[in-house]
Amino acid sequence: MEILAGSISAGLLIGMVFALVALGLTIIFGVMDIVNFAHGEFLMLGMYTALLTAQATGVDPLLTIPFAGLVGFLLGVICYLGFVKYLIRGPMVAQLLGTFGLMLVLRNLALFLFGSEDRTIHEGLLVGQSFDMGMGIILPATKLAAAVLSVISFIAVWLLINRTRIGKALMATALNAQGARYMGIPTERMNAFAWGLGGATVTMAGALLVNFWSVTPYVGLLFTMIAFAIVALGGFGSIPGAFFAGLIVGLITELPGIWDFATEMTGFDWMASVPMTSFKYTWVYLAYFLIMLIRPRGLFGWKH
Amino acid sequence: METLKNALDFSDFPRLDLTLAGAVAIFLMVFPFFSHSSFAMSTLIQFLIFSLYGMGWNTIGGYGGQVDLGKAQYLGIGAYTTAVMLLRWDTPFWISMPIGVLLSVTWSFIIGYPLFKLKGHYFAIATIATSLVLKDFFEVWDLVGGSRGIEILAGKYQAPDFLHLIFKGDDYYYYVILIFFFAGILFMNAFRKSRLGFQLRSIKDNEDIARSLGINVHWAKIKTYAIATAFVSAVGSFHACYVKNIEPEDTMSLDISILIALMAMLGGAGSLWGPIIGAAVLVPLKSYLKEWLGAQAGMVGIDLILYGAIIMIISAAEPRGIWGMVEKARRRRRS
Amino acid sequence: MALLEVKDLTKRFGGLTANQSISFQVSEGEILGLIGPNGAGKTTLFNCIAGLHPIDDGTIRFNGVDVTRLASHEIARLGLARTFQIMVASGDLNVLENIMVGCFMHTTSRMKAKAEAQRILKDMELSDLGGYLVSELPVAAQKRVAMATALGTRPKLLLLDEVAAGLNPSEIDGITATIHRIHSEIGVTVMLIEHVMEMVMNLSQRVVVLDYGQKIAEGDPRFVVKDPNVIKAYLGERYAKEHA
């Protein structure tokens, strides 16, 4: 029982962080219909930003989050204005490969600047602390903080999109760019803003993540794929969808734990020999595949 | 019979193109006889290999317009089939390669049926997902050596061994892959003129119109996907015998899948020469960048940064690829 | 014998009923016009018949076969062809190749397909334009290419969707003559959606009128145009009353 409770709580916690990672992707996709392969590299850069800023200034890592967000915002806007803007005029092949090129550039830039060793945060207010809730539920403080901040970010973004003028302009551009233009909405700026917002959310997610997940220049791809799966499951362009899908995917990655629990419960010995841990992310990929076949619109999707 | 005629008939190309192609063909045939560095030779072999991967991809990705970013999994199946069968049962290449193709094509039908219910980005991401799943699987599967991979011990065989495709010098490998290369071109020539080729191009244009002309779109895509798979798998088998040391990370990674698509796109997806031109530019570029920049101390990653930047520039500036530019210029001149 | 039999065809899109219980027949060898104000559901009806949309109620029989549940490519193989209002998207196929695609339905040989396509090219007076991309051609020629492409499949029934849209009067005359030729020389049964009344009158032996998704009239065009329901549909109730 404890294994199950522990797995589920861990899954939910990490799921909330995953959800924040995916939030940026769904915003960009919702507004512009472009799939950003470099999404995970933005995350990676957010992680490095937080790590290095904390180390350089001695500030607590949690306080570097706004700065990481700013960096992400600028990065997103620059990528859009300098590159993506030209990319969307071409066929889809070119778009996919173009953002892949961006991924290579960002990843190897990081490799060049930071080297390839694993790095984690070792010092900080919450590092190493955790809350034992009993029943096998242990909540590491850093993950808890990340989850809480993720929820706050979601609410903030949701309010931004639905309650502010600029948010509505963004939605208008997403629904019908041509129409939005006729109404005087500067769609170019909206696109850039979408990229900025997307970039900011994911770099902040990175700043949170680096507190308990080590960073290397290569960490991006995994998260890109996780983000894709979440966005597909939740529905491309849906913010609440991204959140709930993130939870589900978080739980999926804890499948080994749940599997162990099931093994114990059912007593089927063969279950113990399945190397579930190695396949942790395989299930995520498979989930993506299955979702796309059964319900391509995702849970909450409105854009297909 | 007509298929053979189709394969050999290049008459719909302008004279200039054919002359250039002929010159390149002759160059390729006589190259080994001139003095050359082993680096140049291995680069050329890579060029031929990737041209073939690109040609295969081009059937479904270029003519068909469905961007497939998961081709590497078939490279893996082909390579590993040959490697494992060689290791365990001394199977000749000429038997293990077709078996690899059979396995790959079977797998492609299994996942192709659901896969082609998707389109566009969703399809592309799904292909990545399936490829990565297979790669993950190979990394834990003992039969194929897990993440350590398989090593073919060349010493066991008496080189030159044409049956098992084990040679001491690159020259032999070169000629084998060159023959594959020419065969591939002939096949593609026949393909683009075949009924399936036309159907695909119509599908790429507008699926509803294609259906109204009696084309079973879903099935046409699956068939083409199988063809692309066969190409990649066969050459993957060759790859195993050539490099003799394979592991999931360098045969089945996403980077390789993307590279394959890139070759075709850069050169001009949907054209006969496109993948070859693309490979001719990107393979030497990658090799020489790595040589000059990659290994230098403190400059790790610069070669890939440049490489990525080039990809970005091409994607944004000329997404139809080099051949696309040529055709555009020609058309403009005509009107 | 009725080549096409549509019975009680109903198609809904969410809350909107695009086609409501429509029934009519098309006899082999005739030219049937489908007219009605914009938004009446004419193109939707075509799409349903051609298998593009599954229908909510009713049956469709083509050449004696129940095609209600068949996929559009299967219906095409039975001999039903159609044109689309938008011809091509990106188009890397030139005119000849476009027609060849249709011809490939009956052969696997490229040579045979090419020969047949060239014959159709000549028939449709497009011989000089074979090498061009469809997008490079003027509108009138594009329409002929659309018809030629459909003809490649050797259809028994050809559905023409507003082929006169965007054409000037002399071009309309041209395309009317072309349709006449297709009908009489090649022997294809034609059903056409048109807004150009003159064309409908010139070509059709019978017309079916749709309004707000329902069939409101059917018969000889000369009488149908005088039908008060039809006038009301096109010109409004007041005009109909004033000219009753």
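Labels for the chains are A, B and C, by order of writing; each one numbers its residues from 1.
The rule we apply is simple: contacts are C-beta pairs under 8 Å (C-beta built on N, C-alpha and C of every residue); 3 or more make two chains touch, one makes a residue touch a chain.
Only a predicted model underlies this, so the values are computations on that prediction, with no experimental measurement involved.
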Task: Chain contact graph, described as a line, ring, star, complete graph or other shape - done: line
Task: Chain located farthest away, centre of subunit C as origin (C-alpha) - done: A
Open item on the list: Suppose each chain is reduced to the average of its Cα coordinates; what separation in Å results between subunit A and subunit B?
Closed with: 33
- [ ] Please work out the Cα centroid separation of subunit A and subunit C, and write it as a whole number of Å.
- [x] 50
Open item on the list: Can you compute the centre-to-centre distance for subunit B and subunit C, using the mean CA position of each chain? Integer Å is fine.
Closed with: 43
Open item on the list: Where in subunit A do residues touch at least two different other chains?
Closed with: 91
- [ ] Identify all positions of subunit C at which a residue touches two or more other chains, and write them in rising order.
- [x] 90
Open item on the list: Residue numbers of subunit B touching subunit C in their complex, please.
Closed with: 2, 6, 193-195, 198-199, 201-202, 204-206, 208-217, 270, 331, 335
Open item on the list: Which stretch or stretches of subunit B touch subunit A in the complex?
Closed with: 61, 67, 69, 114, 117-118, 120-122, 124-126, 128-130, 132-133, 136-137, 139-140, 254, 258, 261-262, 265, 269, 299-302, 304-305, 307-312, 314-317, 319-320
TODO: Name, in rising order, each residue of subunit C that touches subunit B in their complex.
DONE: 50-52, 71-73, 76-77, 81-82, 84, 86-93, 97-98, 100-102, 104-105, 107-111, 113, 133, 136, 149-150, 152-153
Task: Complex contact set, residues of subunit A against subunit B - done: 35, 83, 86-87, 90-98, 100-105, 107-109, 111-112, 115-116, 217, 221, 225, 228-229, 232, 275, 278-279, 281-282, 285-286, 288-289, 292-293, 296
